[in-house]
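In the two complexes that follow, chain A is the common piece, with chain B as its partner first and chain C second.
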Partner chain A sequence: MSTALYVQLLNLVAGAFLLTAVLILWRRELTAIIDVFALQGAALATLVGIIAVAQGSAELGAVALGVLFLRAGLLPWMLRRAAVAAGATQRETRPLVNVVSSLLAAAALTLLAYAVSQPLVELAPSPSTHAIPVGMAVVLIGFFILVTRRLALSQLVGFLLLDNGITAVGFLTATGVGLIVELGVSLDVLLVVLVLQVLKTRMREAFGATDLDELRELHD
Partner chain B sequence: MNAPSLFGTVGVILQLLIVVALSPVLTGLMRQIRALLEGRAGSGIAQPWRDLRKLMRKQRTSPRGTTEVFRVAPLLLVATCLVVTAVAPFVTTASALDPVADLFAVVALLTLGTVALALAGLDTGTAFGGMGASRETTIIALVEPTMLVAIFALSVPVGSTNLAAIVTSGLDDPAQVFSPVSLLAAVALIVVIIAETGRLPVDNPSTHLELTMVHEAMVLEYSGPDLAMVELASSMRLTVFLGLLANLFVPWGIATSASPLLIAVGVLAFVVKVAFLGGCLAVGEVFLAKLRLFRVPELLAGSFVLGLLAVAASFFLA
Partner chain C sequence: MNTVQAGLLAAVVVGTLSALGGLLLPRPARSTVVGVGIAVSGVGALVAGVAAMAGQVASFAAPDVLPLSGVVFAVDPLGGAFLAVTGGVAVATGIYGIGYCRRDRHGHGLDGRLVQTMLPLFVATMMLVPVAAGVGTFLLCWELMALTSLLLVVAEHRRRPAVASAGRWYAVMTHLGLVVILIGLLVFSAHATDGSFAALRIAGQHLSPAVADLVFLATLIGFSSKAGIVPLHAWLPRAHPEAPSNVSALMSAAMVNLGVYGIVRVGFDLLGGGVAWWWLLVLTLGAVSAVYGILQAAIGTDLKRLLGHSTTENMGLVLVGVGAAGLFASSGDLTLAGLAMAAALLHIVNHAAFKTLLFQSAGSVVHATGRRDLDDLGGLHTGMPRTTTAFGIGALSASALPPGAAFVSEWLLLQALIHGLPAGVSATIVMPLAVAAVALTAGLAVATFVKAFGVGFLARSRSPEAAGAHESPPSMLAGMGLAAAACIGLALLPTLVLPTIGAVAGGVVGSGDPVTVTATSIRLTDFAGSLSPLLLTVALVVGLVATLAAARALATRRAAREARLWDCGAGPLSARMEYTATSFAEPLQRVFDDVVQAEQDVDVTHHQESRYLVEAIEYHRRVPDRIERRLYEPVLAVMAAWGRAGRRLAPGSVHRYLGYGFYSLCALLILLVVTR
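Take a look at the complex of A and B:
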């Protein structure tokens, strides 16, 4: 793969990665959010795949396949199942910050990500490190979703977005953190989603809804 | 700047002729596609021209109590469209008026037309005119920054806000066209163009329902030749915007030198690109419902963010 093509593809996938994060913030329907999240998983896997091909590393290629399976297949599938179990078409009708403001906040967060990751980029300027701000922006947007949404499921998506961003930054800075570490992190994420899903089911059984704002006090 | 060449002058005249002659046909084509998809026979793609001819033959009237603002607005609207058509790189990049084809000048000219129409809507003093003008002003206040930011993102890699320079550099370096910058800017610009030309889901061009109309409410008081001018101008705006979109993101086919063959190819490419984009827009509209007016700022804020991300990306993914 020529360098020009590599840079081109890397930038394109990074752009798609960021675009999906903004779309998740933009949409209200949970099903649409989950679809876009699956797309973002695919974009992340492609990003890892491109780095793998550029370096000719089979190990990284295997990681890319693993990322594709977990983040574009398994996690969205579990989220979809949870959404169906929650019944009806759930919508994020009134997030703590309204959609217009949160989109503008996303723009500000992207600029912030650019500012804070500048020292990192300057350590070793290369096409892949130049895309670090994108990963950082996805981390910040994910965190923003985590704190401003009300439904448990969309907060879960925010958490997974955060993790997608961290993974992307990991691959862009160190071109992978090793197969074992990546495997461990992926399993952790999977476990978190499983635990939260169980928790969510219990919450619904106990309170009839998963709108976290309705939980005023602790029960035993 | 070099003196305007014969080639440049020919290019300008060709662009004017094509846009004026074919923009009502584009409107007709879009209505026809929509009709066919909805299972109606449709009135044919030449219908807008027949309407214009009919309106042109009628007597000029103007409502009692209106001032010059009302009478000048259609002329101003058509004039700004004609100037933009003459300077923008549609058929050839070597327009005789090339130095004027600046991004900010073009956007300002197009806004001037909209503002003229909004003032005319207010000038009639009717409830609908004022309502339409107020809505249009709300939309345009959100649209303009987005449009500027989106095209600005495209001009960063080129280092110039001259439209012809942006198009030429896209031709020289195709890699630039498929960068995340132009991807994000394209999405932002498409949303903005839909809002600006009053298509679904922002405005429904084929309704006169008082609760929903925006553009139609402003031009409600026009009739005869004035209405014909307004209709022609709104088709021309659509053509101009689609042409800009096509040539900024898919610049291939545009004539860069003075051979008659290249110019012919340029004309053909322009017509095909705009017709294709118009067709896509018409097909898309069949599946869309109009957005509530209060949801429109959300859509436009989204496209503004995409435009801003495009600018940011043009700096950090360079």
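Take a look at the complex of A and C:
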């Protein structure tokens, strides 16, 4: 693969990665959010795959396949199953910050991510490190979703977005987190998703809804 | 492998195995196996400690066990002394615990898995603290000791609500103490090449005065809180009484000593002696604790709480000795310093012996009657004669009168203080005051233990439980017997242990042997003064027998007449008319009212028909700890206010909590961007 093609592909995929994050912020239907999340997982896997091809590393290729399976296959499937089980409350009707302001906030967060990542990029300028701000922006947007959304499921998506961003930054800076580390992190994420699913089911049984603000009574 | 290594290895291995036994064995076998295990491990530690005091050294290092610092152990004479004391206490309490932990007929017992696993671990960690030879190892063992003892203190939390509160006090104070010690030792080791005590010893030679002061003060605060020294004593009279009695004995006779060990180790060994004001401070703290502790004990009526206060008193006396030793050493008076240190170490040994015995017999009383209040006891000498004898021996040993064990060490301490008069300006003021404090303490201790023994065990029973008291099982009696034998041995033949202890003390302060010993008598080196406890006892016994014989001879000469006891014409005397602990302490409470400030309340109920007739009088007395009220309550109030203010930050909204994280992350990133 020529360098020019590599850079172009990298930029394209990174753009798709950021765009899917913003789309998740924009859409309200849970099913649509999950579809976009699956797309983002695919984008992340492609990003890893491109780096793998550029470096000619078979190990990284295997990791890319693993990422594809976990983030575009397994996690969206689990989320979809949970959304079907949730039934009626499939729309994020009233987030704490409305959609227009959210999009503006996402723009501001992206700018912040670019400003903050400059020192990192300057350490070792290369096509892949120039994409670090995108990963940072996805981290911040994921955190933002986690803070502003009311439904447990869309908060879960926010958390996964955050983790996608962290993974992307990891691959872009070190051109590959160690296989063991990646495996460990993926296992953690899977565990968190399982725990939150259990929590969500319990909440629905207890309160009949999965709005996290119902948990207000928990403090001492 | 020399004796020290073999003994220590045996102690640790047997301790660990009995902890495993406590975890895995079925209930009936558990307390026996664990008790025997603790006793065997105690024998190992005792042998190792005595061998180390005689001059044998041993060390052990495993650099890979703990990250960063590794594990280092080394046994020297000073550590050996504390190891031997812990071992001795463990032997007696281990055997005692066999019967004490077994279930009684009500199904109450301490043979649960948690307690039986923690007991040997607690003993093993106490043995490892004085042989730890690196900051990391020391702090690890210290923390393990605190945690295991905390779990043991709260063992009976289902039976009494006060246990939980005592556990909280202990947990908070022991951990604050650990934090302060941690700060002190880490600051110290930052100035050394590594965290081993050998490196600290070299670094201690040329530490700047400010750093040395900081290290000493921080460790002094932490260690004195463990030793129950005023004003950090608040946990001790709570935790020691609420713990099961074998645990109380271990804590009160062995664990508090390690606070003193820490002060001596850091002050003398690692920092190399230091300046006079450090030791003046230690001496003052010790004197205040001794007087305050015994005053609280003299007025208190709870048997085990009284013993807890007496622990504060005795640790205070030990610190008077340690402080005096430091003061003399800093003014170059090495023989005197050795004498004061020897008195302190001997007092630690004596205190360990009699406090083990006293807590064991108190435990046996609680085991038999379920009561701790002296005003509910009495008359125990008929139901439990052996326990009564044991407590009597313990009380005599604790009250600093010949032929008690504490008499010898307090005599040595007073000799050191009196001969220290010409040592300098501050000493001329402090030493007489310290002598007065020690003398006052000794006097109050006599009153306290006369009260505890006389009211608690003699006369007639004041409650049905005390009347129905039964003697404890043989294993408990055997444990008490061992401790009583140690008390008697230390009282009559201190000449057997004093040369070794004197050599250890001389080694710590860098002097020769401060005392010379013949077969029966102790003679001070360089000063006029000698004592022969054995001859003194013989003289006392002969005098007593002669007086009794003379009284008997005189009495038989006059004709005896049988008559009814004078009862003011108010009918037969009942047990309610007896002298109680409260009434016994009333004069003392009156004398020391400015210090104690007891709160009392008298409610008189008049007869319906006439105000001149009284139907009932109720008298309530509470003795709040005044230092606690002045010092702790404001701090606790501020903490509570802080907590209430903090609660506004936590309204319960998950979004708010997530928002805190998000906004602080964004703020941090913006700060990074702006300041770059």
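We adopt the following convention: the second predicted complex is superposed on the first by the 217 of 220 C-alpha atoms of A that agree within 3 Å, B and C clash if a C-alpha of one lies under 4 Å from a C-alpha of the other, contacts with A are read in each partner's own complex, and residues count from 1 in each chain.
In this section, a residue touches a chain if its C-beta (ideal position, glycine included) is under 8 Å from a C-beta of that chain, and two chains touch if they have at least 3 such contacts.
In this text the structure is predicted, and so the values were computed from the model without any measurement.
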Evaluate whether chain B and chain C can sit on chain A together after superposition, giving fit or clash.
-> fit
Is A:Val22 contacted by the first partner chain B, the second partner chain C, both or neither?
-> first
Taking the superposition as given, does A:Ala115 touch the first partner, chain B, the second, chain C, both, or neither?
-> second
For A:Pro133, decide between first (touching chain B), second (touching chain C), both and neither.
-> first
Once the structures are superposed on A, label A:Ala58 by its partner contacts, choosing first (chain B), second (chain C), both or neither.
-> neither
Given the touch rule stated above, what does A:Leu96 touch, chain B (first), chain C (second), both, or neither?
-> second
Now for A:Val147: first (chain B), second (chain C), both, or neither, which partner does it touch?
-> second
Consider the C-alpha centres of chain B and chain C from the C-alpha centre of chain A, and write down the angle between them to the nearest 10 degrees.
-> 150
Rounded to a whole Å, what is the shortest Cα gap between chain B and chain C in the overlaid structures?
-> 16
Sites on chain B touched by chain A in the complex | 175, 178-181, 183-184, 187, 297-298, 301-302, 304-306, 308-309, 312-313, 315-318
Chain C to chain A touching residues, read off their complex | 647, 650-655, 658-659, 661-662, 665-666, 669-670, 672-673, 676
Provide the residue numbers of chain A that touch chain C in the complex, in ascending order.
-> 96, 109, 112, 115-116, 118-119, 140, 143-144, 146-148, 150, 212-213, 215-220
Note: in the complex, chain A contacts chain B through residues 4, 8, 11-12, 14-16, 18-19, 22, 26, 99-100, 103-104, 106-107, 110-111, 114, 121, 130-131, 133-134
